[in-house]
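Read through the structures below before going on.
Each of the two complexes below includes chain A, the first together with chain B, the second together with chain C.
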Partner chain A sequence: MARITLSDVTKSWGETQVLQPMSLEIEDGEFVAILGPSGCGKSTTLFLLAGLYAATSGEIAFDGHTVNRVDARDRNVGVVFQSYALYPNLTIRENIAFPLRFQQVDKAGVTQRVEDAARQVQITRLLERKPSQLSGGQQQRVALARALVKEPNILLLDEPLSNLDATLRIAMRSELKAIQKRLGMTTLLVTHDQLEAITMADRIICMNEGRVVQIGTPEDLYRRPANLFVAGFIGSPPMNQLAAEAMGHTLQVGRMRLPLTRALAGPVTLGLRPEDIRLGRGSIAGRVQMIEPLGREVFYRLETEMGPLHALEAGEHPRFAEGEALGFDISNDHALLFDGYGQRVTDTALTARAPLDA
Partner chain B sequence: MAMISIPDWAALERRGLLGRLGFLSAVLVFLTVLTLPLVIPYLWLLVKSFTAEGDPMAMSVLWRSAGIAVLGYAGAVGLTLVSGRAPAQAWAVLGLVLAGLLALLVVPHLTLENYRFLWTRDIEATGARSDMMPSIWEAMATSLAFALGQTIIVTVTAAPAAYALSRFAFVGRETALRGLLILHAFPALALTVAVFVQLWFMGLLNSIWGVMLVMSALELPFTIFVLKSFFDAAPWDTEMSAVTDGATRFQAFRMIVLPQVLPGLIAVATFAFLRGWEEYVFVQTLLLDNETLTMSLYLFFVAQDSMGADYGLIAAVGVIYLLPVLVLYIFTQKYITQMNFGGIKG
Partner chain C sequence: MMSSSWTASKADTLPCDAPGLSGRPNSRVIFMHTAYRRPRPTRPILFLAPAIAVLAVFFLGPILVNTVIAFTDMGATLQIDGFSLGNFQRIVQRDMRLPGILLTTLVYVASTLLLFNVTLGASLAVATSAVPERLGNLFRGLWLLPRMSPAVLYGILWIWIVDPTGAGLLNQVTGALGLPQMNLRNDHPLMLIVVINGVVGASFAMIILTSAIRSIPAHLADAARVDGASEWSVLRHVTLPALWAPVRFITMYQVLSLLTTYEYILIITGGGPVYDSTPYALYIYRRAFENGAYGYGAALALGLMVIGVVITLLQWRLTNMRDTFAAPKIEVL
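And now, the complex of A and B:
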């Protein structure tokens, strides 16, 4: 169990700086996800914590003690690699027992702890096999058991679910979360899958191009994204982003003009979640271009006065037909405005009043 | 309504069967013809080593053995083709027939006379002082020590070199890899004089250790190159994982990486051993007097008889020379078949 503190940590490979100065704090027992597209520096951050990479500058501390100069082998972190990195020459039992070889644990203790760890991830029947005889999902469980067996301070998971099929991924997601809550271990999950981060983590660190873009709860990132990158990265289907022009208290979006609570000027972007577009009851005019039933929801592509929009509505059957004209409304509470630099404007919003020129 | 032509399934089936049989037999004939010139010398060697020199039956024993070998081959091919997987009884019958033919036509004319060098040094039966003659057992021991020594030097040196080339991105890595390839491509014989002079300066001329070092050096580029591809195939992640599990870099290498490249190590060790076992030119050149004799030199010594070549004796020495190689291959072939030659990759 440990509290992790990063202060101005950077990482460079030769001339290229892959990690801009990064400062953050992870509480003891917290489950934090680092989310970002590939190459954003999230795995680098993980390997810095594990001690596999040395930080170029800055300070990494566990429970307030600087660990920059502590070897990876002494940091007592459990790592689950994306490839699982099982030792092909050892049986599953020997794989899980491997970390205990470097600790003073007697033989009975090793057997006990290996079996406990195996029970946690439900692989007790597989202990005598070799890794090559296991399916991907089973290998993933073995990797997790091996990381858990040494009772690490910190559990680091590098895209642990990315090599599993869709059904298994959903099952492992809740299982991993349950294990983490049960053991109360500080856990860092690296993923590019926003759904994984949202469903599992207490807090999400969103990264892009080597820097932290936003840190917050899943709801913060979904409802109050700091900028257009986070807004676009989180949510599926993604947020509608409409180019708009602010003129004082009025916002020009396509042929529409909407009132603003506070004066604003210049080009802005209006962000609307697809589910915040309420179809069939409102004064904004649009036409259905295409319908995609998704099972429990229906996805609409609309051509509207404001521009092209994507809308999502609960229900199994579409309420509108392709080509049908309809009126709709937007939930002002959830509409987001981003300035010319892509940063969210926090002190201005659409008013709840009916749109102008409707 | 148009007539739907019904395909003649039976005819198509016959055509398919004929096509498959034709293809199979073509492949078989081609491979057989290709293999024949490779197999004949070994058959000759084996039969010759067991027939007495000057025996009028010698030639016909050779023909008879060849005939039995052909019969055995044809029988085996036939059994495999006809019933796919022939029952054990059929194979037993074939074996019995072959053994019977051998016992009747070949065995009565065989002799162990040519193998006399195994128990006496006086191979010409001159009655001269036999301690003057070289012993096959000493030659065998020297060759074994020579080949084993070279194997150990090569693998112990090549493993860390290949590991470094596979894992570390150091300056000049690409150049080193290319250099290795060029070194392997050079004809080693071009170096003979230079090596001779160098060994003389080092005081290792006329010493088996000197030849061993030279041979190891010549063998290293190829070995490093092959081993590197084995290290490439052992994932980085497993090593990193071992380190986070509490192992030192060296423990991770020894406990996790080395076992993964073990097949590769065995394969290259086999090749190094064989190179040492068969070496003739450098031992002949660099060992000036005939005090230390390897198997290749012993074979040469036997062949260089002033009384005229004793082919039976030469063949027998050849068979003995071959045996250890055969035994080695039986134990290591499953590792050698895993070998591949990795290119220069990042």
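And now, the complex of A and C:
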């Protein structure tokens, strides 16, 4: 088990700096997800921790000990690669036992530990097969068992679920989380899937273009995103983003004017989660353009006084018909304002549900 | 379409509707046959014709001619007096040189193959993959030069290197070091032809194994490093296993190649002194063209063919070569 500390860590390939100075702390036993679009530097961060890449500057420490100059093989980290990286010429048993070849473990101990690890991920039946005879989901379990067998201090998962089909992904999500809680090892998950990050991690590090954009609990990132990037990246269907103009204590959104708690000026963006638009109970006018039933929820595309909006409502059956005019209001607690640079404005909010007269 | 396929399958279940039983053509069954008509089979012979023609003219034809000549006493005058088994009798019973030639061939093929064509080739592939890519490319390019240049040029270079006088490159080096002068062509001819062929031959494995190394997913080595492997263990557990399949192919190909080619040997040692550096293929040449015994040469050549086929079949079996072939991605007739 280990606490991870990064202090001003950067990484450059030649002239290109792929990682801007990065500082963060991960507690012992914590499950942290690094979330971001492809090319944002999340895998680079993972490989820096694994020791496969060397940091260009800054310090990486495990439990307070600097590991910058420690080889990958001496860091005692377990890594599950996106491609699983199983050794094709070895059986599953030999694959899982591979890390133990380099430790002083006797034969009986190896058998014992391989079988324990295989049991953790439920692949005891497959031990004598070759990787090519396994399905993607099974290979993924083998990769996890190989990472777990050496009882690592830190478990690093690089997009471990991205090659699985949708059903299996959901099953593995909860299974991975259960295994992590049971073994209690510090775990870092790299993913571009916001749902994966939200459902599995205790905390999320959101990255974009080589820098950390926000660190927080899944709820923090969902309800209190630091900027438009996080707001747009997290949540499905995504947050509505409406161009607005702040004029003192009023906010002009489309043809609507809404009161603000504090004076603000200039172009801003109003962010509204689809589920915070409450249909059929307010004075903002709109019309249903299209309905998409999603099973337990109904997704509406609306044309409104504020502009085009997406709304999500619980329930199996649509309450409104396509083309129907309706009134709605918005939950003020959850309406978000972003300034001209896309940063969230934290010291002001919409005051009342009722809009000002237009 | 839906209803017709339904009636067709219904017809299948009723024995009286089957054409063989009723004896009369049944309209529904006929309809079924037209509806499910298989595409007309293509004619493989048309596609294979060009390849077969080339094989016939340049491979099968010569083998046939060679086989006929092998039963004659054709000499430099190209006169044939009759057909007999004399040449084969001579191979089996009277050719005193042949056991020595076969031993030379075995030593030459085995040591060139194992020391150079596989081991040196694999080492070069590993080494040139480990250095920066451009340097590796340059080095491989240089090593390929003798393969790309005419055999005579390469041969003349070696003749200069091993020249027994002080002018030879090797003797300039030994001279500078205060060592005695060497005459490799005279004293160690077999070793010399192994080295000469091996230096060129290694480039084949070097190229093929380099691409095999490059096709190993990078994460495999990373996974091994994280698992605790040193660079040496990565080489042993990740790189070498990936080379086994191509090495099997290289071995099979190079054995045949070494058995049948002799141009460097002919140029540099001429097979001598006497027959000391004459492997089987060169022996055929020397018998046929130096001694003017075309008939006997043709019989020896048939022997080489038999040896080649037997060795290939043995290797195919021993190394489980079929394993390395993937099933075709398209349906083949």
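We take it that the second predicted complex is superposed on the first by the 356 of 358 C-alpha atoms of A that agree within 3 Å, B and C clash if a C-alpha of one lies under 4 Å from a C-alpha of the other, contacts with A are read in each partner's own complex, and residues count from 1 in each chain.
Basically, a residue touches a chain if its C-beta (ideal position, glycine included) is under 8 Å from a C-beta of that chain, and two chains touch if they have at least 3 such contacts.
Everything quoted here is computed from the prediction, not taken from an experiment.
After superposition onto chain A, partners chain B and chain C are found to clash with each other.
Touch criterion met: A:83 reaches chain B and chain C at once. When the two structures are aligned on the shared chain, A:98 is found in touch with chain B and with chain C. When the shared chain is aligned, no partner comes close enough to touch A:346: not chain B, not chain C.
Looking at chain A, you'll find residues 50-52, 72-73, 75, 77-79, 81-83, 85, 87-89, 98-99, 101-103, 146, 150 touch chain B in one structure and chain C in the other.
Residues 47, 50-52, 71-73, 75, 77-79, 81-83, 85, 87-89, 98-99, 101-103, 146, 150 of chain A are the ones touching chain C in the complex.
Interface residues of chain B facing chain A in the complex, by the touch rule stated above, are 235, 237-238, 240-248, 251, 256, 259-260, 262.
Taken in their complex, chain C has these residues touching chain A: 217, 219-220, 222-230, 233, 237-238, 241-242, 244. Those residues of chain A that touch chain B in the complex are listed here as 50-52, 72-75, 77-79, 81-89, 98-99, 101-103, 146, 150.
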